[in-house]
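As written, the chains take the letters A, B, C and D, and residue 1 is the first residue of each chain.
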Amino acid sequence: MSSSSHWRTRRQRLALVGEQCPHCQAMLFPPRDICPSCHGPAKEPYHYGGVGSVYSFSEVYTAPDAYEHYAPYVVALVQLEEGPLLTAQLTDVEPEDVYVGMPVEMVTRRLRAEGPEGLISYGYKFRPVPERVAAH
Amino acid sequence: MRDVCIAGIGQIAVGEHWDRSLRDMAVDAVVSALNDAQVERPQMLFVGNMLSGQLSLQENLGALVADYAGLRGIEAFKIEAACASAAAALRLAYLAVAGGMCDVAVACGVEKMTESRSDRVTTALATAADAVYEAEQGVSFVALNALLMQRYMHQYGYRREDFGGFAVNAHANAAGNPWAMFQRPITPEQFATARLIAAPISLLDSAGIGDGAAAVVVMPADLAGQPPRKPVRIRASASATDAVALHDRRDPLVLDAAALSAGRAYAEAGVGPQDVDLFELHDAFTIMSALSIEACGLAPRGHGVGLAKEGAIALHAAHPMSTMGGLKARGHPVGATGLYQVVEACLQLRGEAGVNQIKGASLAMTQNIGGSGANVFTHILERCW
Amino acid sequence: MRDVCIAGIGQIAVGEHWDRSLRDMAVDAVVSALNDAQVERPQMLFVGNMLSGQLSLQENLGALVADYAGLRGIEAFKIEAACASAAAALRLAYLAVAGGMCDVAVACGVEKMTESRSDRVTTALATAADAVYEAEQGVSFVALNALLMQRYMHQYGYRREDFGGFAVNAHANAAGNPWAMFQRPITPEQFATARLIAAPISLLDSAGIGDGAAAVVVMPADLAGQPPRKPVRIRASASATDAVALHDRRDPLVLDAAALSAGRAYAEAGVGPQDVDLFELHDAFTIMSALSIEACGLAPRGHGVGLAKEGAIALHAAHPMSTMGGLKARGHPVGATGLYQVVEACLQLRGEAGVNQIKGASLAMTQNIGGSGANVFTHILERCW
Amino acid sequence: MSSSSHWRTRRQRLALVGEQCPHCQAMLFPPRDICPSCHGPAKEPYHYGGVGSVYSFSEVYTAPDAYEHYAPYVVALVQLEEGPLLTAQLTDVEPEDVYVGMPVEMVTRRLRAEGPEGLISYGYKFRPVPERVAAH
């Protein structure tokens, strides 16, 4: 990922800023210019709370370039409590403790270090909601 | 709009072709399809390919393959639609011929995957997904399918072992296909204990990647001739798209694009799912088979896995699938796969499928899926002599 | 075969769009073309792109652009033919509509080049050449053109400065194009003293690379309507291939594919080179301009350079070329360039070219070249109201 | 370039083995399966002598990945005395001494060292024919 791509996506990656469609109220994350529901322009920012639950998950043993260093790791589809699904890694959790429906919250973490450009990528990951972990 | 036939077919065995380059393999498939059709020179060539830019540092494949096949001068295009690149090439060859814009078009799919390091291949395959919101999170292409499978198991109450029927069937059929990469059967026990690559997906849920090339010659029915040529009529050609990212789908467990493209194909051919004698489906992962079967109306939601469990997809059962081994066991050279499916369906319709021949097969369906459901091509083919 | 029109056009300024991603740029162009045509939803989308797999790790662009443009579900294809990817996309949109296979198709070209390191871009551009027998020798894409230019100078007795007319004309015209990357004139002196990048090619022989996207809506003439819409008729659409490697050509200084595709286009339109009011040629390098002019019959062999020297290509001269700045000065986002050419020709034919307007322009030709002459697309467009 | 690609092309790269079409006698380099002149199968190997002349040349200042280390260098279209053109680097010559028509001969040299795979690529380059250089 280039530095300009990092810059372009900084709000969504670091602060989970998506959109709510001003026309049909569809909740959108990641943000996009055109609402897929009503096809109207969707440029109203919406700051998601960062709390959700695991919709699905997988433990990755064979990783792409620049992620091998981190393997194995857990990736998930997370359903935000406001509705949208997103794709993210889970962190601070043992793979065998993950289950569909597990409450999670967003944290900012290093995604990978890029070799040639030396550019470190930060973004959202999700971890178990601490209270639940404590109660577990 | 003219009736269109596949007048000739060509393929090379899927495998590790360290002695044949990308262009050599494509030329082998194109030349054998032209020979089979007894045609010297097509007017157009559509080359389906996904990875050659990234893995072989070679683009401009349309012109390159045309030239090396001895066809310098003809029109040529490279078409990419991730793992559905080859069926996309066929769809465009069909459009050109059906619309009367040309009389002989060749669709070819080619992929060279075995000479790159596996992490490079993993990265390259992930370009089928959303680069910014999926791949950047470290999600491999296998992992995307694992997310689907995990959710499917949770939502409908299946275990990993329940998916074994797809792989066991594919390997059983590949044993009778001399062009297949894995010509040996596997057992349900082997499936159950296979090594996980992205839980819950194991090596035996996944199609083996390989080098390969397949091609067909597309002509109007009135020029395609009669036996000894054995033209196969394209009764329907259809495609549809969906969001690239899983998280952007209406419902990740429903392949809307597969349903749309199959629906368009059924309407165009005037047939239904039960009329099809064999179905070459996109079994890149066992979960894709289940979702494809449901999208095509062969089983209700959550019941796609059932067809494999019950043995209904075997060669001589109600719904034969992956009849020459499928992506799983014939092998999956991604940008070529869609035309392997079509070549195999033609072999069945021409009565040339050898020990795997389905008696009296007259209507076949193929479905090629790009990404985890983003771009889906469905073709319905018919024996017409 | 139906008469076909370009019913709407869209483009974004060529430049360094660090605030817009690949998909954003494509969506901008597609949406503005659809708005211009007053069409809501096309049936098919053809996305021309060369480098996104290598530079942005993003394939599956057909589905991705369709989805982000609010067109989820429609048919979509990515087309690659090196620097001619965008005109190839138009050619296929034309085939689909002319053949009656669909009523509204969009052709879009998009390229994101400015956010990658220059050595990666150089490597990626070299994938237009023969990977094994050209790129592997360390020959960059610029160097291939330098080999042509050196030989041309030797064979016909020209000096570097003789090629300056192409660049000076392009920059003069770009000054009047608000979408151009370099909106400033250059002098023959600046050309003569520009820094060499692969001798004899200098920075001012070469088109500047940039980010960009352009799109057109293609419809049958009878549906494309009348003013206030200003449909532009596609009088001819043609393509042809040649060997990818320079050393494999019949004669490196003759662009056989350009001659073939222009010849086919002239025949289809029933016109000759002298009938064309403006020519958007593929001036990626000044030598390509000269060879393209010769291949299209606008000058005899070895005399293509003469047209520029004599000023015959200026806006109000006999053979206006690069009327909005050309690849050279409007900028060259490689997989998008072919549709910038077409959009600019449409602006001229619609009378919307502003200070660069050629009075009474009614017939325009565009030629988009993939590789150093391997895959060439020629379109002839006509004002039709 | 992968190691299997190296292996596949070793004869042409290290020994300049091309083909002569058995049907129309066209001289082919690089080798290919189908003769572009007569469209017949062209699999008759022909061992080129490695002597030719410069058809055109360029000095490259901006090089692709993995070649930057060598820049600037001279690339050329070389016309073999048997007829075919090929693309190659010139070596053992000052860029300003190169001219169209200069007699050259083939030598085997390192083309580049590949970073990640550590694979060194050898192949043909061309240098001025020694006698001529001496007489120069």
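Criterion: a residue touches a chain if its C-beta (ideal position, glycine included) is under 8 Å from a C-beta of that chain, and two chains touch if they have at least 3 such contacts.
All values derive from a computational prediction rather than experimental measurement.
J.: Kindly point out which of B-D, A-C or C-D repeats the A-B interface, defined as over half of the contact pairs being the same residue numbers.
T.: Equivalent chain pair to A-B in B-D, A-C or C-D: C-D.
J.: Centre to centre, using CA atoms, which chain is the farthest one from chain A?
T.: D
J.: State, to the nearest whole Å, the distance from the C-alpha centre of chain A to the C-alpha centre of chain D.
T.: Between these chains, centre-to-centre, one finds 51 Å.
J.: Round to the nearest whole Å and give the separation of the Cα centres of chain A and chain C.
T.: Centres of chain A and chain C (C-alpha means) sit 39 Å apart.
J.: Where the CA atoms of chain B average out and where those of chain C average out, how many Å apart are those spots?
T.: 33
J.: Which parts of chain D, given as residue numbers and ranges, touch two or more other chains?
T.: Counting only residues that touch two or more other chains, chain D contributes 5, 36.
J.: Identify all positions of chain C at which a residue touches two or more other chains, and write them in rising order.
T.: 21, 67, 72, 123, 126, 131-132, 135, 243, 248 - these are the residues of chain C that touch more than one other chain.
J.: In the complex of these two chains, what residues of chain D are touching chain C?
T.: Residues of chain D touching chain C: 1, 5, 9, 30, 36, 55-65, 67-68, 70, 73, 75-77, 84-89, 95, 100, 111-112, 121, 123.
J.: Name, in rising order, each residue of chain B that touches chain A in their complex.
T.: 118-120, 122-123, 126, 131-140, 142-143, 146-148, 150-151, 154, 196-201, 243, 245-248, 252
J.: Of all residues in chain B, which touch chain D in the complex?
T.: Of all residues in chain B, those touching chain D are 18-21, 24, 27, 31, 40, 56, 67-70, 72, 114-117.
J.: Under the touch definition given earlier, write down the residues of chain B that touch chain C in their complex.
T.: 1, 21, 50-51, 53-54, 56-64, 66-67, 71-82, 88, 91-92, 95-96, 98-101, 123-124, 126-132, 135, 239-244, 248, 256-257, 260, 370-371, 374-375
J.: Where on chain D does chain B make contact in their complex?
T.: Within the complex, chain D touches chain B at residues 2-5, 7-8, 32-36, 39, 116-117.
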